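Here it is: the structure, laid out below.
Chain lettering (A, B, C, D, E and F) follows the sequence in which the chains are written, and residue indices restart at 1 in each chain.
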């Protein structure tokens, strides 16, 4: 089971409205390489990991990614909460406002609904970990793209933190994959 | 952020293989009225609740539902983990095995991928809570259908617990809705 | 069976082109909380209502919603029919024009195709009516959002009418739900 | 607007339970070539037909198809309404029961949700009518497949009627297409 | 099997960046009436064509459409490859950049993922060829819409070529359909 | 552009009807880890590979996968082409027959339509190649699952060939990834 702690993994202090960035950040909530994809992938795969070591790693990283969903949502919420109707229109967020007002809904940056078709679960730990290495790399690339699109330090800091976490997770998954390969799993 | 505790909210002690029930239980993992839908709905809606009372209720129930995803997955995993190829074939789980071996993947009971199109987030607390009442009722009905389809006590006990939680959540959401209506929200 | 009457439920007299509003109104055609969702939901649910009273209410409201689809489509058609290519481009409707010229296609405001994943049918009248209350509230909220986004009286009048109908339907569904609960349905 | 008449276009008198046929008939409710697809296609396309003749034909056939949805739903409902839990299980309708009890939900015969991706609206009457010819042929083929799968006369009669209507519609659309081509539309 | 030849079916010489057109052209890659739809439709249908004549035509056109996918992708790639971040933002391609940097991904012009729900395969050659006539007409209309949206000769030339190929394919499919009808197929 | 050669990459000589295997093999046509996914992934990614070496490898493997789609389709077609209605019913292929007769349609083994949400294109060669390693591993695992489900040598031989090709592709992608990493790409 899970416990909620009313604290973010890394502080979010958005300094100014930026509706364009809000629209783009949504993909890290409900897009193909976003944090919801990540969390759902790892928390599903853990049931067929072959030992406690694997189950624990997947549970821990999957749980951390839930906190990353929360960070992303907090950023988006802070970026749009004070926007006026005319600001929303100018930024092309009028379709968002029409369907969700200022609510947070898991889609990609084009508004395509989240789907579990984004993730893979093979029941084979070697294959799943290879999927996870790819997932972490895709998430890293997405954060790098997002960082190219803003110069706001109050966004760059948490994005940089999240990007760094993907690299850490990549390394943890790589270690586990190597360990299982050495044990003869295929 | 979230913390993982290696304990289920309610104990699962599946007594025997039942591949048919495994196939059906999947809908409470990744189907329209399942626990993933529920969790994602509440954890998204909380950002636009108008006060701490609302945010806290949605956070708490959303987090509890994550634990229900885990309970459902544990039941499914235990129901199929020892199945032979021929048992999987006889039960019509050969398509599952082809795509996921014995891995757990979020779909409905027909194999349709999970989609966030199942949930609603309006940014309006009155509307979101009405959505939540409906969600809890739909989940309750699904548990009742599942309970009609088995006589295995080791499944009926956790299903009955989960059904009961939906009723508790319904009541909590109803109280909050009434409270907000009294305060004049629309 | 159904009969078509060449008359709108409420008159549409769009006074001027407004491509932005056309793009947004599409969600009430083919979006999650739109009129097609509503109609399909009620016309499906009616088959498992327990008595003529329930079947009749669902049939009538479901049929009325078909007329609302028509109203919304008429508004959209009138808003774009005289647009030039350059006006379509400026308003971001060039993707619409590319795929449908000035044709009407059921999507949400982001262009995501309509899916029946938006609606719920449980086979249980108590649960279905709870779903219907939520549906009416979500549609109401969407109309309110749309009304925030325009000052054109020729749009506000039919939008206000449609919003009002959602409230009427909510009340009719609530009465039926209460009636069934009094009769002991669960 | 539309009026509902409590009478089917063609009488349905299902003589016996047949859960397998119920499962298959669903595709003519919410599948790619089903009656909902047909109705939505024609009722959307009519807005960009170039004259009253075209608008009227599309409105009339689109409305008739709504009645065909109702006929299909009535058949399905009658085929399953008296089924026991064990009959549902034996026929592989336990996933249906889990998610919808005996309710009617628009999917294809595999349970894939209805999507408007099934239909085309081009804004060009020549192109739309070509789409409609294809649609009628695909629906005809589906009815022929269904008729291959049963020997129950009480099902064959309405299926044969519905198949025949597709041919009539094909001819009506072909006449209109020829008329528009003669007028020089492209 | 297929062989790749490093030569385009028709030369692409894009003369200048045009990010808006890039965004629109994507629908002919992964949209409902695009070249991927076409290719997948014909290469699937060929297996149930009744003779070598039919199999050959479908194989040949299906293979040609693969080359059209390549032409469209080449155009898109050339239109965006030198764009700066600020140009991408101004053109509304920041969501593309976020998710794919400058990579090519099969969606429609709104970013909705490609789905095989766009195509029909009936197993009946008469029906499939009617579907193919409609498909070619829809693709033609889309090319005409795209040609309305640009005045750049370096784009108009290949678009005109591709439009012309749809007409040629329409005629080839019509001949085959007539041939099969004369042989008595239904 | 592409050329079609009327020869399979590896011979298919299906010896007997096997409708269950036909149903499962479909996932290697239109499922998440199937050959269509593979081909579309590589033929899309090649446009943003940084040099001719990368473009050539992706083009070649992507083209080979098109031939694997053809092999899979040939196997499925041969497995079902002589089936009677009652055999189709017994094997649970009546939903397939209803919608496609004996036609071949790209879905997964549950009938969920193919979607490009299954694939990733990041525009970054390091990331794309990591995605490709995962893709090849997932395809390998699927072939291994399929091989567990049959003892028919006439199926096992081509499945074993296809499985082996995934391993070869994995190695080729790994070499390219290592080469790019040595050159300093990230």
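Observations on the model:
Rule of thumb we're sticking to: a contact is a pair of C-beta atoms (placed from the backbone, for glycine too) under 8 Å apart; a residue touches a chain by one contact, two chains touch by 3 or more.
This is a predicted model, so every value here is computed, not measured.
Chains touching both chain B and chain D: C, F. Shared contact partners of chain A and chain D, listed by label: B, C, E, F. Although chain A and chain C share one sequence, what matters here is the overlap of their interface residues, and that overlap falls short of half of the numbers used.
Of all chains, the one whose CA centroid is most distant from that of chain C is F.
The greater number of contacting C-beta pairs, out of the two interfaces B-C and E-F, is seen for E-F. Here the repeat of B-D among A-B, B-C or B-F is B-F, since over half of its contact pairs match by residue number. Remark: chain A and chain E have CA centroids separated by 33 Å (rounded to whole angstrom). One inter-chain figure worth recording: chain C and chain D are separated by 22 Å, centre to centre, where each centre is the mean of the chain's CA atoms. As a whole-number value, the distance joining the C-alpha centres of chain D and chain E reads 29 Å. Residue numbers of chain A whose C-beta contacts span two or more other chains: 32-33, 92, 101, 107, 110-113, 115, 117, 122-124, 141-142. By the definition given earlier, chain contacts exist for A-B, A-C, A-E, A-F, B-C, B-D, B-F, C-D, C-E, D-E, D-F, E-F. Residue ranges of chain A in contact with chain C, taken from their complex: 85, 89, 92, 94-95, 97-99, 101, 107, 110-113. Listing the residues of chain E that touch chain D in their complex gives 32-33, 115, 117-118, 120, 122-124, 126-127, 130-131, 133-135, 137-138, 140-142. Partner chain D is touched in their complex by these residues of chain C: 1-9, 30, 36, 40, 43-45, 47-48, 59-60, 62-64, 66-67, 69-70, 73-74, 77, 100-107, 113-117, 119, 121-124, 128.
Taken in their complex, chain B has these residues touching chain D: 20, 23-24, 27, 31-33, 92, 108-112, 141-142, 145-146, 148-149.
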